[in-house]
Amino acid sequence: MDSYIQFERVSFSHGRRVILDQVDLVIPRGKITAIMGPSGTGKTTLLRLIGGQIRARSGRVMVNGLDMGRASRSELLAMRRRLGMLFQNGALFTDLTAGENVAFPLREHSRLPEDIIQRIIALKLQAVGLLSAADQMPAALSGGMSRRVALARALALDPELMLYDEPFTGQDPINLGVLLRLIASLNKALGLTSVLVSHDVTEALSIADQVFVINEGRVVGSGSPEDLLVQKAQSPFLQQFLDGVPDAVTGQSETEARNLAVALGLGVPTVPMAEQESVQ
Amino acid sequence: MSGWINSLLAFLALLGRWMLESTQHTGRMILFTGAVFLRLFPAWTRPRLIIQEVYAIGVLSLVIIVISGGFVGLVLGLQGYNILSKFNATESLGVMVSLSLVRELGPVVTALLFAGRAGSAMTAEIALMKTTEQLSAMEMMAVDPLRRVVAPRFWGALFAMPLLAALFSLVGILGGYLIGVVVLGVDPASYWGQIQQQMSPVDDVLNGVIKSLAFGFVIGLIAVFEGYDAEPTSLGISRATTRTVVLSSLTVLGLDFILTAWMFGT
Amino acid sequence: MNAQRGIEILVGAFVLAGIIALLMLTLKWSNFGSTSVHGYTVTAEFDNVGGLSDRSPVKLAGMTIGRVERIQIDPKSFEAVVTMVIADQYNNLPKDSFASIYTAGLLGAQYVEISPGGDTQVLKNGDKITMTQSAVILEKVISKFLFNKAAEK
């Protein structure tokens, strides 16, 4: 399998707190890989390592053949131009309109004439279904809309790698459905490699080709969504995390998730896992 | 006995932590300053961004500066007249008002107002960009936030300060004229004539400009640093803004003493 | 682009205003206050003008009636020639008027005081006041006083 990103025994700590401990990951090219785990287990750290914003204390992070620990500044910048990242809350520039936000990377990195830039803005906003919002300021957009504008901005330079940081948190059901479909179809249509970090089990599993589950800095489960179901049987943690069962309460989040899945018309009831297995 | 030792140890720990944190803070500031300096001239490849900041930092501070300058001039005129009339020397009102403004009050009061008006806004803006991951997003788009966001703001502060201070002094002198000449009847030609005779373009005006440039430099640097270094929470933003105002006001006043001693001391 | 243009214009105006303010502070105000005096010019020679300067007032009975326009040195007599402009409405000053340099109060600026004489002819443009009294230099007065005291003993 052709890999785009490899982590080889990567460790990272913040002060005395160990965030990643000897992590090995292989992220395949052209697929959607979900990295899941409870909040605060170093998932965002993983994305920042991939983007080269921080460097590993030990081990090696390879992105498209580039060793991020040793990359020069210019190599790093060149790599980032082929990368799009969707931040948790969109991170739109608040002093620019939605359209200018999409234009930002183009204006920074290209000398395209104005009419072509306008055409690309329209194209990218059309792709996320927000062409009409081009002249709005980010403050006037809803949370879901600004995340979609941010997605259009991340796609402006036609990246080969897309990173999504918690794309599903705090979304209303309609937006959630739109986003899921967008991520999946973009990946297929543009041949992207996508890495998404999420603690929303249902949504992540519904579109991921491959999954890594991380807990306390270590990889505790990996493989296709189906493989995970097999591993689940041996691991109480995986069982608890994937089924979304809090220590004492049972049932509630299952029904919630099921209702959500039906409301979204996703077709595949993904929770509980046992049922998914039988459907597939 | 052991309770006494414990509170002593707690005190020592507090002192030590404070010392370590301020050392780290200073260290980060020095590193940051170096990083910004490297990008000061590259930032000129986009002069429009700098113009934008001169607008946001300078033009938008104009109203407060002009109004304050006018009031300070009025007060100086009134106080000066009262003092000088005791010595029957009200002809010197012009020179008293203008020297106070050009040498001291112009640069210093402008700097204090500037720290409150523009410095805090710069800090809050950058800190908010950090909190909402806009700076991170820029980095991920292979755009250097220090060059794109920080350096133009620093230039804006550096340009705006001397211009604002000059306007402040000029409006103040006009305010002194208004109260002294128009209201209190000081001889107008003496007002201007004494200014002309006593005020030196190098010793007074140039030194005033140097002061205001120095103040613009430190306020700009403190404001962008505190914003960039802010803890990315709403509490962090408000703390950073307060720090900017407090730190730059103290630095301006301290620096003013040093510069005055150096320029006019001997 | 329109908003950007507006910003550029405002910034330009701001920079220009700041530079003009600086220039006005630097250029010694040469155009201020001089327009008010329209009148005739007379000169007077003094041994010593003390702190008198351009634009110092010329007074009659305590009222300002004119301005010192310039002060030069007469190359022959080495005396200071003070040129002053007196407002046209005071065109009836006797020709034998007396000009002295006084100090306003203890610390104030110096000015020229005109004491009218009794001549029937009046001062005209270009005339010269012949009777003058120089500025009082405080040190000279004190030393004179001390020497006199010493001489008395």
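Should a chain be cited, it is by its letter among A, B and C, assigned in written order, with residues numbered from 1 in that chain.
Note that in this section a contact is a pair of C-beta atoms (placed from the backbone, for glycine too) under 8 Å apart; a residue touches a chain by one contact, two chains touch by 3 or more.
Small disclaimer: the values here were computed from a predicted structure and weren't measured.
S.K.: If we look at subunit A and subunit B, which chains touch each of them?
M.R.: A chain counts here if it touches both subunit A and subunit B, and no chain qualifies.
S.K.: What are the two chains with the most C-beta pairs touching?
M.R.: B-C
S.K.: With chain centres defined as mean CA positions, report which chain is farthest from subunit B.
M.R.: A
S.K.: Subunit A to subunit B: how many Å between their CA centres?
M.R.: Result: the chain centres lie 44 Å from each other.
S.K.: Between subunit B and subunit C, what is the separation of their C-alpha centroids in Å?
M.R.: Inter-chain centre distance comes to 39 Å.
S.K.: Return the distance between the CA-based centres of subunit A and subunit C, expressed in whole Å.
M.R.: 81
S.K.: Can you tell me which positions in subunit B touch subunit C when the two form their complex?
M.R.: 48, 51-52, 54-55, 58-59, 62, 87-92, 98, 102, 159-160, 162-164, 166-167, 169-170, 187-197, 199, 201, 205, 208-209
S.K.: Where on subunit C does subunit B make contact in their complex?
M.R.: Where subunit C meets subunit B, its residues are 4, 7-8, 10-11, 14-15, 17-19, 21-22, 24-30, 32-34, 36-37, 53-57, 64, 67, 104-109.
S.K.: For the complex, which residues does subunit A have touching subunit B?
M.R.: Per the touch definition, subunit A meets subunit B at residues 51, 53, 77-78, 80-81, 83, 85, 87-89, 91-94, 104-105, 108-109, 150, 157, 163.
S.K.: Could you list, by residue number, the parts of subunit B that touch subunit A in their complex?
M.R.: 128-129, 132-134, 136-137, 139-143, 148
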